[in-house]
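Just so it is clear, A, B, C and D label the chains in written order, and each chain counts residues from 1 on its own.
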Amino acid sequence: MAILLNAETRVVIQGITGREGTFHTQQMQALGTRVVGGVSPGKGGTTHLGVPVFDTVAQAVRDTGAQASGIFVPAPFAADAIMEAAAAGLSLVVCITEGIPIQDMIRVKAFLREYPGCRLVGPNCPGILTPGQAKIGIIPQRFASPGPVGVVSRSGTLTYETVAALTAAGLGQSSVVGIGGDPVLGLSFTDVIELFERDPETSHLALIGEIGGSDEEQAAERLRGSRLRSVAFISGRTAPEGKRMGHAGAIVSGNRGTARTKEEAFRAAGVPVAQTTDQIVEILARS
Amino acid sequence: MKLLEYQAKEVLASLGVPIPPGRVARTPEEAAAACADLGPVAVKAQVPVGGRGKAGGVKLARTPDEAEHAGSEIIGMDIKGHRVPLVYCEAALNIAREIYLGITVDRDRRANVVMLSARGGIDIEQVAEETPEAIARLYPDPWRGPLAFELNALVWDAQLGEHVRALVPLIGQLYRAVTEYDAMTAEINPLVVTGEGTLVAGDAKLETDDNAAFRHRDLELRYGGVVEGDPFEVEAKRRNLTYVSLDGDIGVIGNGAGLCMGTLDMVERAGGRAANFCDIGGGARAEVVENALAVILMNPKVRGVLINVFGGITRGDEVAKGLVKARDSLGMELPLVVRLSGTNEEEGREILKQHGITPGASGWEAAQKIVELTR
Amino acid sequence: MAILLNAETRVVIQGITGREGTFHTQQMQALGTRVVGGVSPGKGGTTHLGVPVFDTVAQAVRDTGAQASGIFVPAPFAADAIMEAAAAGLSLVVCITEGIPIQDMIRVKAFLREYPGCRLVGPNCPGILTPGQAKIGIIPQRFASPGPVGVVSRSGTLTYETVAALTAAGLGQSSVVGIGGDPVLGLSFTDVIELFERDPETSHLALIGEIGGSDEEQAAERLRGSRLRSVAFISGRTAPEGKRMGHAGAIVSGNRGTARTKEEAFRAAGVPVAQTTDQIVEILARS
Amino acid sequence: MKLLEYQAKEVLASLGVPIPPGRVARTPEEAAAACADLGPVAVKAQVPVGGRGKAGGVKLARTPDEAEHAGSEIIGMDIKGHRVPLVYCEAALNIAREIYLGITVDRDRRANVVMLSARGGIDIEQVAEETPEAIARLYPDPWRGPLAFELNALVWDAQLGEHVRALVPLIGQLYRAVTEYDAMTAEINPLVVTGEGTLVAGDAKLETDDNAAFRHRDLELRYGGVVEGDPFEVEAKRRNLTYVSLDGDIGVIGNGAGLCMGTLDMVERAGGRAANFCDIGGGARAEVVENALAVILMNPKVRGVLINVFGGITRGDEVAKGLVKARDSLGMELPLVVRLSGTNEEEGREILKQHGITPGASGWEAAQKIVELTR
């Protein structure tokens, strides 16, 4: 088992005919992901990468029974694409797109309250990977292997690195979830922990956070007393105040959102804190 | 984009917010002329940071002579690393009371928050710590915007009911800065109640969302060039790089924001100090690396460079070739340590070694090496 | 018993200090309505008609435990007043105000979906009267008497006339509900019938409809097989097409919303149709 | 307020909707001049009712002479009771296809509905009856307005995907007529696809909400005086009365819209025909009654008046006194029957009798009496 996504999940790709959409759909298909269609307005009725293309998500859902979508459309249109996916009845929407205006995402979050059955991952995230089964997004599958470690992260490359290190150490992953680097997100750390907590095949958890916001602090609280053997890693310890460190969400404001307070929160909740990705593996291997 | 005070006030005034008469001055003479026209003025340094008052960047001038003097003192001064390019001369206000009004993004709630407080004129963070109950808050539905009854309740909650008729429309106008200009922060502090009982914006802060810049090309055209930012950041922006200047001497390049931040952290743990944050993204293409290296080498303080790349979909040997090419085309002679992992990492490291670049198997090892080489 | 409103209901009046608000609050108090406060921005802290006045509905609810409100504010502010009442947690909002723009009401209806516990009556209505107990609105109490007939109506004066005729014939009323003459309304005929149906003390129903819309047709369908002994009356039989007959909602468009189709719908559902208000009483007295 | 075609097009054009070049002409000469400027034109009667084409109110003119002739025929003609005050001369279109686009209030849903159909150019009611599946519908959330994906889906649903790029913004513009002008109906039919593939409004209908007139004083100022309405309705409006002209000969006054409609119905059942609907509201104050009587008596067809008042809070004796006063001050000599019920009805009826006014105990009795007296 895994969380959110498995080999049976019927996936549609929004923006399938674009360069990024095409490349990563091929990667998803290579892993065995059940991509049942794509959406690209104006290209309805054609076939791309062996799957039918539709003009709207609603049509794709009607004709393919899609349950989940991956979004690869440009930032100015991505918020609309998320809402279209939710309104079409999808239960999982993974938005890879980076650079969506924050006000757009605030509106999307309010919109999604009307669709409680819809889970959004991202935006500005690498997506979800369930090793050996399926992925939606851009996480490279070659470093992953099936196993008991749930991985949840605000970062992309740092996640790939961690997954590779886990695999090298013989620690496979149940699911890898990149929640994204934006300040206004779909699933939070806490939401994903909730899912891992209920997944019988996940026994360990690697949480990769960074500066900005207080989602890590809330996650720490949620992990207090959890059955999951967990480790946390926070990047951005040396980031100066008021500077956006790449991710739109990675910013320390005043003395809020610092790596120090986040690390302290985890320690206070009984969750060990790693200083490097190698240490993540060491700590999990010991626990 | 952080607007300067006078820019923020121009934008807010266009939305209906009352502002005092004022004029921009780029020279002491212009400041004198402004005072001649406006009467007693506050001569205010225009910098995109707070705390200019304490730094001596605001002076009252009763006469054109005083204004000229104030202008000559303030223009060109340095405030928290920002050279003051110009001053804003604004008619002095008859202040009866100072209110705080601000709108910003509440990350935890994934929503905008409107904050109103009768304790204006001081830093809102300070008010929030000392007397949190003195700040009334409203989280408007982003589709509806703040409703009239919600704004009324906010004003009464803030114990500012006597100003409700003027405050409700004014808050609506400030909120339009959020919806029409994608403001991440829109703040009027102090919002001045004058001796005559009218409201007017004493100071104004407006920071817009860079992700929404495509909707507001006009703002960038009008105000983009005024602030004299860090020269390396300006150059990096021109080259479409995600770059932040820091104050150390080791240039850092990483692929991915998290990995890059983690690399800075390791450099510090190894006893060094990074000169910058530079995220070249997932692909690590040769021309992007070359651009990044070029900007980093512009900084004379840089004594060595650490590159930390985890090859995901991109193959390590290709990344290595790109790195060598970039270094050679720039004629770089400073120490260069590269940590290369992921796909085809062995082949990649071999290529680096052949070209005299120190490879590191882990970020931590690489960080220690560059610190050692630049000591 | 009665529906919606009884002698225990704690009522707050929005716009209590206005001319209409003052006059009708006195009338409500005279009947024994438990008016616990009023709202009039800027007059908070004062007392009017013996009850405290507040600046906001939320304050009134907090201090008085109000459950219901009557709205007597001018049309440009009435939609906001309804939303304020709903957001303050009131379960019954009666809006007397006439002339609210239809787009305002469409927005209000969407807003109210977030407050399923709040019932709106009106706008542009005479309100609710539970004889001998309480009223919110402007229905004259002197013609009413307690009894088993539920009255629901889109009209004002026609309702007073019917209530007077019922009382004169010895047929008292359980509750009298004026749902209002606007095209976009709070409670519909069907909603009110639902409440009467569940009220053990209501055995008869007088429904007073008029041209425009199809709420009467839906009500007829709802009354098919109902335990309530009902009669319907529809005014506007001779109204020409396309002309608004006083009420914003009283308009026949093409061949939709005519008195004829409405009367036929009631007859088809087994509900007798009266031609005059006197006939309403005759039919109920026989049934 | 029902706007004329040219007025609706002016408003829609200000929101960005493409319209053909056109000009208003109040005389045949002006029509000729418009044609001289614009080339071949359609000369269209401007009346606030549909069906002008069938009534001969639209003519094509290739030359200024033809336009002048068409103008002379159309200006002043009567279309369904409306004298044509002016024509709109609009450049003839090269029509490749006609689309229907309309937004109106769906009462059952308590929402706005956007309707789009590839079957344009004919009455949408007819399309709705014959081929309901040919109309795609969207019910936008009133706070959010129509979202991009909803508009896209609407266009694809209507099988108009090939025009999606032009249609989506155009529907958004028409929707703004609803939000910015409180339109109850905003319709473009036909929405013309020209031979060149562009979209342009062939005809336009805009009816705004009278209840929202306080927000749109500008519209009334600009367009209020053009339509020549029923003179009694115009006068009634001036006097703030709720009045509708009908074509019978018995004047009717009632208090309350439902009671008044019911009174009209009873007049018909009694064999008469009402000359008007006139609701004087709950209070039945003397000056309002006087105004209502004055307007009704302006109509030379009126042979008698029926007043139906149910006194709720107002006392019947006061109502009776007011009625007598109003009748006397107007010097009314036509038959007058008054049904007076409710509070103090006996006293009221006594006063009426004393002053020679026929009282009725029930509306039905009163209706029969007035029909008898005016036969």
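Basically, a residue touches a chain if its C-beta (ideal position, glycine included) is under 8 Å from a C-beta of that chain, and two chains touch if they have at least 3 such contacts.
Keep in mind the model is a prediction, meaning the values are calculated, not measured.
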item	value
Comparison of C-D and A-D (more C-beta pairs in contact)	C-D
Euclidean distance of C-alpha centroids - chain B vs chain C, Å	56
Inter-chain centre distance, chain A versus chain C - centres from mean C-alpha coordinates, in Å	51
Distance from chain D to chain C - Cα centre to Cα centre, in angstrom	28
Residues of chain D whose C-beta touches two or more other chains	141, 143-144
Two or more partner chains touched - positions in chain A	111
Contact graph of the chains (line, ring, star, complete, other)	other
Full enumeration of touching chain pairs	A-B, A-D, B-C, B-D, C-D
For the chain A and chain D complex, residues of the former touching the latter	41-42, 44, 55-59, 77, 80-81, 83-84, 87, 111
Complex contact set, residues of chain C against chain D	27, 75-76, 99-107, 109-111, 138-140, 142-143, 153-161, 164, 181, 183-185, 208, 210-215, 218, 233, 235-240, 243-250, 254, 259, 275-278
Chain D residues touching chain C - in the complex, by the definition given at the top	105, 107-108, 110-112, 125, 141-143, 178-179, 182, 184, 209, 211-212, 214-215, 242, 244, 246, 254-262, 264-269, 274, 277, 279, 282, 310, 312-313, 341-343, 362-364
List of chain B residues in touch with chain D within their complex	141, 143-144
Touching residues (chain side chain D, partner chain A) in the complex	144, 147-150, 152-153, 156, 161, 164
